[in-house]
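I have placed the structure first, in the form of C-alpha cells, so that the comments after it can refer back to it.
Labels run A, B, C, D and E following the written order; every chain starts at residue 1.
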Amino acid sequence: KNESTAKNEFLIGGIGPLTGSAATYGTSVKNAAQLAIDEINENGGVNGMLLKLNFQDDANNPEKAVNAYNTLMDAGMKVLLGTVTSQPCIAVVEESHKDGILQITPSGSAVDCIKYDNAFRICFNDPDQGTASATYIAENLDVKKIGVIYDKSNVYSTGIFEKFKAAAKEKGLEIVSEQAFTDQSNTDFSVQLQNIRESGAELIFIPVYYQEAAYILTQANQAGMSIPFFGCDGLDGIIPQLGDNAQIAEGVMLLTPFAADAQDEKTQKFVKAYKEKYGSIPDQFAADAYDGIYTIAEAIKKAGVTSPDDPDLNQKLIDAMTKIEVKGLTGTMTWDASGEPKKEPKAVKIVNGAYKSMQ
Amino acid sequence: MSFLSQLINGLSVGSIYALIALGYTMVYGIAKMLNFAHGDVIMVGAYTIFTAVSMLGLDYWIAIILSVVFCTVLGIVIEKIAYKPLRKASPLTVLITAIGVSYLLQNIVLLIYGSHQRPFPKIISVKSIKIGENLVISGEAFFTMVITIVIMIILTLFIKNSKTGRAMVAVSEDKGAAELMGINVNRIISITFAIGSGLAAIAGLFFASTYGFIGPYSGAMPGIKAFIAAVLGGIGSIPGAMLGGILLGVVEGLSKAYISTELSDAIVFSILIVILLFKPSGLLGKNVTEKV
Amino acid sequence: MGAKSEKNKPFPGGIGRFRQKYDNNFLISFGIMIAIFLFCFLMIATGNATRHFKSLLVPAGINIILAISLNLVVGILGELSLGHAGFMSVGAYAGCLFSIYTQELFPIGVRFPLSLLVGGLVAAFFGLVIGVPVLRLKGDYLAIVTLAFGEIIRSVIINLDFTGGAAGLKNIEKHTTYTSVFIIILITLFVILNLINSRHGRAIMAIRDNRIAAESLGVNITYFKLLSFILAAFFAGIAGVLYGHNIGSLTAAQFDYNRSIEILVMVVLGGMGNIKGSIISAILITIIPEMLRGADKYRMLFYSIILIIMMLLNASPRFAEFKRKIRIKNLASALKSKSRQKEEV
Amino acid sequence: MAMLKLENVEVCYGVIKAVKGVSLEVNQGEVVALIGANGAGKTTILHTITGLIPAKSGKIEFNGHNLLKTPAHKIVSMGMAHVPEGRRVFQGLTVLENLKLGAYTIKNKAQISESLERVYQRFPRLKERRNQIAGTLSGGEQQMLAMGRALMSSPKIILMDEPSMGLSPLLVNEIFDIIKEISSSGTTVLLVEQNAKKALSIANRAYVLGTGRITLEGNAQELLNNEAIKKAYLGE
Amino acid sequence: MTILETKKLGISFGGLRAVDDFSISIQKGQLYGLIGPNGAGKTTVFNLLTGVYKPTDGSITLDGENITGKSTIEISKAGIARTFQNIRLFKNLSVLDNVKLGLHNRVKYNLLTSIFKVGSYSRKEEEMNKIALELLRVFGLENEAQLPASSLPYGMQRKLEIARALATNPKLLLLDEPAAGMNPNETAELMETIKFVRDEFDMTILLIEHDMRLVAGICEEICVLNFGTVLAKGKTSEVLNDPRVITAYLGE
C-alpha cells in the first residue's frame, strides 16, 4: 500500500483540478511539478533521497480535494504541493494542519489558504495583488477613470477586486463602471464592454484568468475599443492563448512575477523543457508549481532530512521554510511565519507580442 | 442608440442560442428524449474543424464538411450504442445515459487535446455592418442570424412536407402506430439524430467562430442554455426554439445592460419561470390538455 | 394451485401489527443500512480502514440522504426536479450560519442538532416557495423551472454579503461524524419509508400514476405535491448542513446544476421509487470515481463509461432476469452450502 | 392455400405466458373472426402477427413468407394492415395527414390519390373533416379514420381489433356494414370482436380463444348456433 | 327524494357547444341511464358533474346542496364518485391500494401518524383493509388484491374502478361505459353486479352506455343526448321506442 516504502523515496503529494472547467490550471501544476522533480532526481535527488510525485484530481471541489488528500496520506505523502485552486485549498489546509505536514500551495491565492503554520504559498495573495494593482495604476499611469470586469463567482477575481476597489479610492482613482460576470455566462462580454465604453473609462482592470481574458480582449477588439487593459498574475498565459491573434493583446499591462519569454537562462531552460515534454507554453501556474517543488527540495536540504521516515520530518521541514531563500522562476523568495512569500511583483506590458518590463 | 446596440448584443447571443436550440429541439421533439450530450456534440464539431484547419491545414470548406459528416456519424453511433437499447426504458434512464455520454465526450476530448482552450481558426469573416454612427452589427452575428433563420425554415418545411418529416411526426406521436404504417421507427430516429448532430456541427462552427476559443467543456453551458431556450419556446416546436433562443439572449443582454451584471443570471432565470407560469407549455408549445 | 392461491391471498400467513407497520421494504432498507454501518464500524475498529475509506463515509452518507429525499419527488411523486442541490445549499448556508452565530449561545451538543433543524426548516420553506410553480407545470417544463431555481439560489448566494459571496462561508466547525450522518440517514429512512407506506404516501403515488383519478377520489393534489417537495427539501437541507460541517467551508459553486444532476443519477440508477436502490447507488456513485483514482488521467473517462454501462444493463430485460435468477440461486445455493458445511464439520 | 397461417405460436410478457400455442389460418378473401373473453390474448395475437411483439416460439407465415423474422415496418409493405385496439390515430395530425401516413409504404403518387378517393368514398365523413385535428374527432369518427388509414395501403389483408368498441349502436351497424364492403371488395379480414354475435354474422369462419388457447373453431354460422358458444359468448 | 338535480347546465369549448340546457333530476336509489351518439356530450356531462369542467351556465344540486362550480375534490367529498371512459387506475399500485385510495377521505389519520406510525395507524389501516377487501369480494377481485393494477385484464380493471369509486361511499355513482370491451356474458354479469351494488349499498347510479341490452336491462329511466342537448328522457322502454331516438342513435 505504502508507495514510499521503496528505499529513500520521498513522496510529494499534489492536488488540483485535472477535470472540469478549471482543469488547465491543475494540469499546468502537475506537469511542471513533474518536470522539476525529474530534474532534481536526474541530479541525484535531495540528501540522497529521490522525489516522487503523486498527483490527484479534485475537480476544483473541496469535498473531492479532501478525499484526494486522504488518498495521498494513505499513500505515504510527506509534503503536499497544493491545492491548485483556493476553495479546495481552504478545506484541505484544515486537514493538513491536523496532521501537521508541510503544505505548499503553488497558486491558492485566497488569504485563508495558508491560515495555519504548516502552510505556505508561492503565488501572491489576492488582497496584495488588488492593492498593488491600484497603487501601480495610480502612481505610474495617467488615468483616473477605471472600468472593471471581474468574475463574481470566483474567489480569486472578487478577492482582488474588493481590495482594488478600496485601494483605488484611497489613491484617488474613480471606478466608473463595475461589470461582473459569472461561470454561468463567461463567453459573451459584449454588454459589459458596451457598458464600460459608455461610462467613459480610461482603463479596464480585469482581475481574471487568461481564458476569460481572451474572450474579453477578442470582443473588445471586435467592437473596436481601444481602451488599455490592466490585469494580475492570472492574465499570464494570454499570449499563447490568443495564438495567431496575439496582436490583440498589444498594450495589455499586467502584474506578474513570471514571464515565459523572459530572457534569463532559468526561465528559458524551463520553458524549453516544458514545451518539449508537454507541447505547450507554460503559464503562471506551471511556474509556481516548478518553484514549489524547488522550495520543497530547499526545505529538505535546510532541514537536513535524509530519510522519509525521519520521525520529526514534519516539524523540521516547517521550521526550515522560514530559513530558506529560493531563487525561482517567479523571483527570489523568502517566507516568514505567515506563510506569504516575500517577492516583488513586476509590472509588464505586452509589446510586440512579448512582455516588456515597466519601471 | 445605446439601447439599440445593447439590443443587438442580445440578439447576437440569442441567435447563437437559437441555432443550438434548433438541433436540440429536433431530437427532443421527435425522439422525445433530452439529449444532454447535444452541447458536447457541438464542442466535438468545433474541435473537428480546429483539427482539420489548425492542425492538418485543410481548406475551410473541407473542414466544415468534415465536421458535419463526423458529427452526423457520431450522432448515429451514439444513438445506436447508448440510446437505442433504451427504447422501452423510462425517459429518465435515457436522460442519465445522455449525461454519461456527455461526460464521455468531454473526457475523450480532454485526453486527446488537453485541458487548455484552443484558439479557433477565423473561418467566418464577414465585415461588420455599420448602421448610423455607433450602431455596429458584427459580421458573425449577422451571419448567424441569417443561417439560423434559414435552417429554421428548411427544418420546418422538411418536417411539414417531406415524407421522412411526416414519418418523424408520426414517430413522435405514437411509435407503435407509426410502425403499423410501415415506418421504420429505428431508422427515423437515427435520421433525427443524424440531422440533430449535423446541425450541432454547424452550431459548433458558429459558436466557436463567434467567441474564438474552444475547450473540452465549451459545449456544456451553451447546451444548458439551448435546453432552456427549447423549453421556453415549447418542446418540439422549431419556431419556438428559435424564439426561445432569441428571447433568452435578449433578456440576458438587457438585464446585464440595465439592471445588474451581478444578478443577470438570477434575473434571466426568474423571467423564465414567470413566463412558464403564464404559458405552462412554452411560448409556442401546444397546450395539450388531457381529455378526461 | 393451492400454493398459488396462498400466494395471492392479501396477507399470506396473516399479519401482525408489526408487519403492517414495517413491510419488507422497510426492514430490508434498515437492514442494509445497519449492515453497512456495522461493516464500517468493524473496519475502523480493527484498524483496517484507510484514511481514504474513512473520508468517504460522510460524503457517501450525505449522498444517501440526498438520493432518498430526491427519490420522494422523482420516484414517488413522479416529478422531475433538477434543483435538489439548490435546496441543499439553502439548508447548508442557513444551518452553518446558525451554528457560526450561536457559537457562544449553546454547547455543541445542542447547537449541532439545532443547526440541522434550522437548515432543514429553511430549505423546507424554499421547498414551499418552489412548490407553487410545481403545481402548474409538468414534466420537462417543471424540470427547467427547478433547474432555474437552483441557479437563481446560487446566483443570489454569490451576491449576498452574509454568505461570504464567491469566497463563501469559512470557519465552520467540523462536527459531522459518520455516526451523526448514520443517525440522520436512519431518521430520513424512517420518515420517508413510513410516509410511503401510509395513507399520505399512497396519495402521493396515486397522483403520480393518475392525477385526474386521484382528484376524483378527493385527493388534495396541491397539498400532497407541496408536502413531497417540502419534505424532500427538508432532508436535502439537513444534508447540506451536514456537508458544511464536514468540509468546514461552503461556496455556491459546489451546488450548481451538476450537483443536482449527480443526485438525479443516483435516484435513476437505483430505480425510481426504490429506496433500497437509492442507498446502494448513492454509495456506488460516491465511491466509483474515488476507486478509479488509480486510473489516473483515464479516471473520468472510465467513470463515464461505467455510468453508461450501468444504465444500459439496468434497463436491459435480460439483465433483470439474470438478477432475479442469481438472487434465487444464490440464496438457495448459499443455504445449501452452509448446511453442507455444518454437516461436514 | 392459406394466406396467413399461425402454427403453435407462443407469446410471453416477461414470465407470463399470454398466448400458449395458437394455430390458425386465414384464407384469401375470407372474413375470419377471432372471439374470446377479456384477456384471452386476442390483441396479443394481432400484435404478434404484425411484429409489434416478438413471438417466443412457433411459426407465422404470410403468403409463404416467414413473418417472425420480418420487422414490423416491412410486414406492412407486404400487404398487411392493422387497425389497432384503441384506434391509435395520430392525435396531433389532421385527418388527411393521418390518411397519408397510412400510405407511407406506397411510392406511387397516383396510387395514393386513388386510394384516398376510395377511402373518402367509403367514409364521406372523413372527407368532410379532412383538415380537422384527429384528436378532436369523436370516438366513431376516430374509428373510421383508423380504418381508412389502414385501407390507404391497399392491403391484401386487414387485421381489426375490436372496431366496434365504444361506438353507438347506429355506428356499430355502420362499421360492420363497412367491414362487409371491405371484404366484398376483395380484402381479406381477420376480425377480433367482443360483439361476437355481430362478428359471427358477417364472418365466414371463426376461432374461439380461451385463455391463450384456441378452444373452438369452425364455420361462423355453425358457431352462431352452437349451444356452448351461445351460452359463453352470445349471452343467450 | 331527489339526489341529483341539474338545471340548464351548459358548457362550450371554443365555438363548440358541447352541452346545452341539460336538466335532469334523479331520485335516490334510481338506476339512471345516459345515452346518445358518439360525441353527443355524455362524458362532458360527467365532467361537469364532477367538477373537471366548470359549467358556463346552469346549476347542479346534490342532495339539496348546491355544488355548481366546486372543485373536483370538494365534489368528491360532497358525495359523487365516478369511473372513467378510458380506464384510469393507479397502475403501479396494488389492487388493494387502489381501493384504499377510495377510502382516502373516509378513514383518516394525520401526517404525524403516518410518519411515526403511532396512535391509530394500525387500527385505521386494518379498518381500511377490511372495507377494501369486502368491496373487492363483491367484485370477485379478492384474490388479486396484492397484484399491481396494471396486470389485470381489461374487464377486471373496469370492475376495480367501480370498486374504487364505491369505496368513497358516494351518494351518487357515475359509471362511464362500464361494459365497453366486455362480451355479452361479461356484460350480463356486470349488470348483476351493478344491480347488486345499488341494492346492497343503497346507491344511486347514473351510467353512460352504448350496450342497449345493459341499458334496457337495468336502467329505470334514461336520458338521450344528441349534439349536447336532451333529445328525450323518461321511462326506458318509452324512450327507446321514440322514433327520434331510433333515427338519431339506435338505427335499425
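What we mean here is this: a residue touches a chain if its C-beta (ideal position, glycine included) is under 8 Å from a C-beta of that chain, and two chains touch if they have at least 3 such contacts.
These figures come from a predicted structure and were not determined experimentally.
Between chain A and chain B, the least number of touching-chain steps is 1.
Annotation: B-C is the more contact-rich of the chain pairs B-C and D-E, by number of C-beta pairs in contact.
In this assembly, the C-alpha centroid of chain A lies 74 Å from the C-alpha centroid of chain D. Rounded to a whole number, the gap between the C-alpha centres of chain C and chain D is 49 angstrom.
In terms of their C-alpha centroids, the spacing between chain C and chain E amounts to 40 Å. Multi-chain contact residues of chain A (touching two or more other chains) are listed as 18-19, 152, 182, 184. Within chain D, not a single residue touches two or more of the remaining chains. Shown for chain E are the residues that touch two or more other chains, namely 52, 84.
Against chain D, the residues of chain E that register as touching in their complex are 35-39, 85, 151, 153-156, 177, 180-188, 210, 212-213, 248-252.
Note for the complex: chain A touches chain C at residues 1, 18-19, 56-57, 60-64, 66-71, 73-74, 87, 90-91, 94, 110, 112, 151-155, 157-159, 182-184. Of all residues in chain D, those touching chain B in their complex are 50-52, 71-74, 76-77, 81-82, 84, 88-93, 97, 100-102, 104-105, 135, 149, 153.
Chain C meets chain B in the complex at residues 74, 80, 133, 136-138, 140-141, 143-145, 147-149, 151-152, 155-156, 158-159, 212, 257, 261, 264-265, 268-269, 272, 297-298, 300-301, 303-305, 307-308, 311-312, 314-316.
Interface residues of chain C, counted against chain A in their complex, comprise 50-52, 54-56, 59, 151, 155, 158-159, 165-168, 170, 174, 243, 246-249, 251-254, 256, 289-290, 293, 297, 299-300.
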